[in-house]
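In order of appearance the chains are A, B, C and D, and numbering begins at 1 in each one.
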Amino acid sequence: MSLLAIRDLSVTIGGRPVLDRVSLDLAPGEILALTGESGSGKSMTALATMGLLPQGARTEGAIRLDGTDLTTLPEAALCQFRGQAMGMVFQEPMTALNPVQRIGDQVAEVLTLRGAPRAEARRRAADTLARMGLDPERVPPSRFPHELSGGQRQRVGIAMAVAARPRLLVADEPTTALDVTTQARILDLLVGVVRDEGMGLLLITHDLAVVHGRADRIAVMQTGRIVEEGPVARVFAERRHAYTRALFAASRHRPALGPARTYGPLLDVAQVTRDYPLPRPHPFAKARKARALEDVSLTIRAGERVGLVGPSGCGKSTLTRAILGLERPDAGSVTLGGRPVRADRRDPDLRRRMQAVFQDPYGSFDPRQPVARLVAEPLHLLGRVPDAPDRVARALTAVGLAPEDGARSIHAFSGGQRQRIAIARALVTGPDLVVFDEAVSALDVRVRAGILDLIAGLSREEGLAYLFITHDLTVARGLCDRIVVMEAGRIVEDRATEDLFAAPAHPATERLIAAAPTLPAQHPSEEERP
Amino acid sequence: QQSDLTLAIQLEPPHLDPTSAAAGAIDSVLYANVFEGLTRFAADGSIEPALAESWEISEDGTTYTFTLRDGVTFHDGSAFDAEDVVFTLDRARGEDSVNAQKALFEGIESVTATDPTTVEITLAEPDGAFLFNLAWGDAVMVAPESIEDIKTAPVGTGPFAFERWVQGDRVDLVRNDAYWGESPALETASFRFISDPTAAFAAMMAGDIDVFSNFPAPENLPQFESDPRFQVLMGSSEGETILAMNNARAPLDDALVRQAIAHAIDRQAIIDGAMYGAGTPIGTHFAPHHPDYVDLTELSAHDPEKARRLLAEAGEEEGMSLTLKLPPPPYARRGGEILAAQLREVGIETEIVNLEWAQWLEEVFRAGEFDLTIVSHTEPMDIGIYARPDYYFAYDSLAFQELMAELSATTEPEARSSLLKDAQRMIAEDYVNGFLFQLAWPTVADAGIEGLWRNQPTQANPLADVRWRE
Amino acid sequence: MLSYALRRLVSLALSLAVASLVVFLVVEVAPGDPARYMLGTGAQEDTVAALRAELGLDRPRVERYLAWVGGLLTGDLGTSYTYRTPVAQMVADRLWVSLPLALFALALSTLLAFPAGLYAAARRGRAGDVAVMGATQLGIAVPNFWFAMLLVLLFAINLGWFGAGGFPGWSDPLAAIKALTLPAVALALPQAAILARVLRSALIDVLGEDFIRTARAKGLTRFQALWRHGVRNALIPVLTIVGLQFSFLLAGAIIIEQVFFLPGLGRLIFQAISARDLIVVESVVMLLVFAVILVTFLTDLAYAWVDPRLRRRR
Amino acid sequence: MTRRLLPGAVLSALVILAALVSFVWTPGDVASVEVAQRLQPPSAAHWLGTDQLGRDILSMLMVGARTSIAVALLAVGIGIGAGVPLGLAAAALHGSWLDEVIMRGNDLIFAFPALVIAILITAIAGPGAVNAIVAIGIFNVPVFARLSRGAALSLWSRDFVLAARLAGKGKPRISAEHILPNLANLLIVQGTIQFSLGILAEAGLSYVGLGAQPPVPSWGRMLAEAQTLVAIAPHVALMPGLAIVLTVLGLNLLGDGLRDALDPRLRDLRT
């Protein structure tokens, strides 16, 4: 008898179909992975199960928990199920907690709601938090959410979901915003709870590597429908549906890089240090500082392809800002082609030679301007350009878009297309160096593969040098000749890619390599490791 | 038998010393209630003895010998005697006096106390108005012992003693049981200050107050009249409301232009429109209820045709543009709007400028920066201002100045009366100002109250004779 | 937190210094002479000069400014030109009307606004919401002096439940409260309308946040989630408005005080301005500025109490 | 046009239309005083009756709308004209002394009791429409400065601004090209709200005699002058009151509707 049985569930929101006859089963003690590309309806399936669909949603079909059809229950009765019989971990750890309530109280609320006395609820909440690896010595339950890191918050969310020992746990992408090390720890924790307590877990993720080795069964979704479903080993082996195959192909995609060719020296980062002031504990205390970069030196030659990796918070973005001259380092210097890069001076020629592409494909464009104008923005660096429309058209063509697309508004493009436009904008001045700061992290695996190909192609054909920043070693490996590893504000390793993978010298590198989830090779039997 | 009374007036006194501020509100509360002078105004405007029981005037008219009432005490228990009179008058006319009507005492040569109940006042020259001058609120008797705190805790000799002043709200008075005269019927009286016309109407209607002296919304009077709960006393004030013209400034220095303006004015329309009919048309600067008043309204009858003709005659057929500066009271603001329309009829454009009192005093009254203004002259018997060429409307007529000098020197009533009539005629024929109307003084009261002053020979609300009907 | 408070105190002092200069200049530039106003049309020039000397108005401006500021610092607000009583005393008297009135109105507006805002937010988009929001739009659109007049017409004149105005003093607290009721209602209603709208939109913003969904996943009902997790998070914009409203109510009741002839602070300023009682205007405006700055300061501290994220920053 | 925008837009359009028409035509002459005709109830000759000086109330209201709109519009103009550049500058130089001075200056203006300052301004410069505009306008400045600073600050941290900086554009240019256009919706919405508040404020000032001066008709003064007539001729007091209420209501509804229509976050939620 299954714990959760979803039958022919269809959902429309505001008349738009979102789920189409979805059916799923989950037994106690079992882990069911739900995967599929962004927007395929994974979160909606989860929310439908919890009865928390957004306003304006209409539901058909049945969702049975232990035989009770939740879709027919009145709201008041549903409240009895939530928290008690089923818990949920939400996708966004940063916003899923009430910012003005202590974490202990938020967990305890689940219990007091079920009539537990306050003191006992507190005690049990503290226990649960401790079990999630939040050491009461270091992270006491009296903290507020903003005093925790993302991973810690995620664990509070899990504590809340499991505190009342529900029989069903729905975890929606519980690790998206985290670095690989933390991700592995949280996933193992969840698996532990399922195995220990016989709970059913619906684990939503778009990362096939995460599924591998943890889930018992997997369901693949595409545009609101389940296209393939079965035990993990079988699905991985058979890949019956074309979409599943596409997903796999994209996940293990490696762009064709071409041979490394470098010319003269280009960028030189010399002994850069950057401190952030910390709040003083009391008004007369000495000002304290947090060191985000310490004595960082780095060179990039023309045409060279360099990767910068490191766990979250190690100083990657800070270094990027220093290189781009958006922020002044406290010590050290950055030069491009021998000229100093300075935050307080406008130097059009220098700017022309160095451009950047950022993580968020949605936020990096002024929503009020047409694409052509967006792409043309850096052109003013060249002075008066008579052939501006031409250049824009060429840049758009170079990233695989049509010149006519320039007339459209940015709203009309998907995330992947937007990232192409961002690259077009970076290329329009004909730069020598482009910095990609987490430029593919937000993208879906299939879209990501396309962008990686594009970057590799540009390097092959235009001899472009780039600094590629990511927390994902695997991605860096496919795209870079050389990889720089950072930890805690310092560069700990700087070597050719293949050397690094063959023999990591620094423990930080080893940790990054170890934590990276990997997909099984062609045959699951060959390479079985979590 | 009810023995308390709540009486409302529009403005709150700035402080409670009638001898060092011009504000009529001070007298409205205190005159003849808390403070008394040697003489005083009776309800009909005549002068009667007050703290001076009687007096004798020397042959040449320069020495007045007053016999004071015996056994009068101030509210603090100290006796009132001749020394107090000397103190009061010397203070009022002294070098650093801040008496707002210091001119009243200008003619005094000396004040001497011959014995505790006799005072001798010597004037530089005879002054037919001297007894009248002494009746003013600015000439009330004060004691040296209490002068320090007089602005907040006034001590006088009147039928009521000051009890408390809740600033912004009210002044409370209690009966003075040691009063020398007849004991008043009221035990306590409370003066409240309500300037907003709507609030005044509401407060009266809601029964919060018993009497409203000078009710600010004449449009509501008919309603009170038809309501048996109330009585309306339509009285007259000493306020000659005039359209003052700057006689020193072109084109108003031309008598023809002033005459044209005078004929452009439709007094009745202004009285009806601005005051809802409350007010008596005047043709000169004199109170119509005064026995010596001459009705000269025909001299400046409403005649737009004639006004236009006169303007043409003066060479002003082009039309002209004048400023009309208006102080805050409704008679000025409302009247000004109507007047502007009437002047436009005859081709005179006006630019209305509304001013606060402080600004009006500064700009119009002191600096004379104006063409036209509307204001009510509330001092009793103030035709003498036309003899002052430095006065704000700048009327400079030697003939009139001589006439006034003669009047001062005259004490014989018949002769004074005839001189006053000549004076009225003279300014009317010179069209010094546009004479509009005598400001009415409507009092709304509970129907059960009697003994209230109907007219205002001086601004005052004497309560000694006020009582609730059985 | 402490350093934040200290920094705020320094900028508070600076603001007050600037404010004192502005107030003094603005008031002094106004044409009109207090002495002449006091003495009226019958006065002679030497009398006016004598009174100016008595009031100290003949001293140079700089000297008077310094004397005034010095007085303020030692808690001496000076003596009124017209009333000739200490300004501090007058202000204290008026505060006994204005402060209770402001608090009364604030309490009323909060009591009205909270249920209305909560209700509307909970029933967002449905008939109840539309009705409440329509009512608040009306509440904002009706000028309060007009509304006050209607109140007087109905409750004082026609029904006779309340007096038309005036203030009997606190010796009889019941009568005092009764006298303040209509003015407080007239003041409170538009404020309540604004507050209800702010509360509703803040709540709706908060209701869209993920943590509300988390709360619902715990098994809280829609209303429980709104009440336990929504209200406190929505409180910041609401507190801002409440702080501003309090400042407004303290001084901004001039028109209402006029309509109900209440001896409050607003009317004191109004009278003082028209009488050119400069020292009263200056001191009272300064006091109000100080009160507002203080209230803002307290509101900021209250933010930190409401939102722990603000305790550390800045 | 959305359903919610309609009532507000219609009401506001009516008022503006009435004001515009009054330039070329009014049913009666607002300058002609005919005391004999005063306080007449609504009739065919005078649709809304006549006032205490016998003037046609409808005409007075139409011309009064002109006054109200002009005063409120210019006051908002002052607020936007001065406040937005200040706010943008403060945001562009976030954390600098200029930012601090601008923000403290804002707080200071907020700290002054608005009505008292308005009274003082008119005490200095005399009452009149221009001074009412200045008085109301001054208090609009911090509103817009604060609003635009707050919104601009969040825009400055957006990636597209970062991209513009990388494109080598200076702060003034980014403020003008990227920040300001993205504030437009916000400013339009707040502008309507301040506009309606301005109309209320003008009415309040005129009510105490500090607004537009006669013979220029003004709703607030009409209301003040008619107050004592409630018992005798209620329509005289009712009409200007209704005009104010309906105008402010219309503008507020318009503001709300615009917010819905222009705020993409809310727009998405609705579909």
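Following the convention adopted for this analysis, contacts are C-beta pairs under 8 Å (C-beta built on N, C-alpha and C of every residue); 3 or more make two chains touch, one makes a residue touch a chain.
The UniProt protein names, listed by chain, are A = Glutathione import ATP-binding protein GsiA; C = Glutathione transport system permease protein GsiC; D = Glutathione transport system permease protein GsiD.
Keep in mind the model is a prediction, meaning the values are calculated, not measured.
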| item | value |
| --- | --- |
| Pair exhibiting more inter-chain C-beta contacts, B-D or A-C | A-C |
| Rounded Å distance, subunit A centre to subunit B centre (Cα mean) | 87 |
| Intercentroid distance (Cα basis), subunit D paired with subunit B, Å | 44 |
| Between subunit C and subunit A, distance of the C-alpha-averaged centres to the nearest whole Å | 50 |
| Inter-chain centre distance, subunit C versus subunit D - centres from mean C-alpha coordinates, in Å | 22 |
| Multi-partner residues of subunit C (at least 2 other chains) | 31-32, 149, 153, 258, 273 |
| Contacts with two or more other chains, residues of subunit D listed in rising order | 123, 227, 230, 269 |
| Contacts with 2+ other chains: residues of subunit B | 198, 328, 356, 358-359 |
| All pairs of touching chains, each written as two labels joined by a dash | A-C, A-D, B-C, B-D, C-D |
| Residue ranges of subunit C touching subunit A (in the complex, touch as defined) | 2-3, 6, 209-211, 213-222, 228-229, 232-233, 306-309, 312-313 |
| Of subunit C, residues touching subunit D in the complex | 11, 14-15, 18-19, 22, 26-27, 29-32, 137-138, 140-143, 145-146, 149, 153, 208, 244, 247-248, 250-252, 254-255, 258, 266, 269-270, 273, 281, 285, 288-289, 292-293, 296 |
| Residue ranges of subunit B touching subunit D (in the complex, touch as defined) | 197-198, 201, 217, 219-220, 222-223, 269, 272-273, 328, 333-334, 336-338, 340-342, 344, 352-356, 358-359 |
| List of subunit D residues in touch with subunit A within their complex | 158-160, 162-170, 178, 181-182, 269, 271 |
| Subunit C-touching residues of subunit D, taken from the complex the two chains share | 100, 104, 107-108, 110-117, 119-121, 123-124, 196, 200, 203-204, 207-208, 220, 223, 227, 230, 241, 244-249, 252-253, 256, 269 |
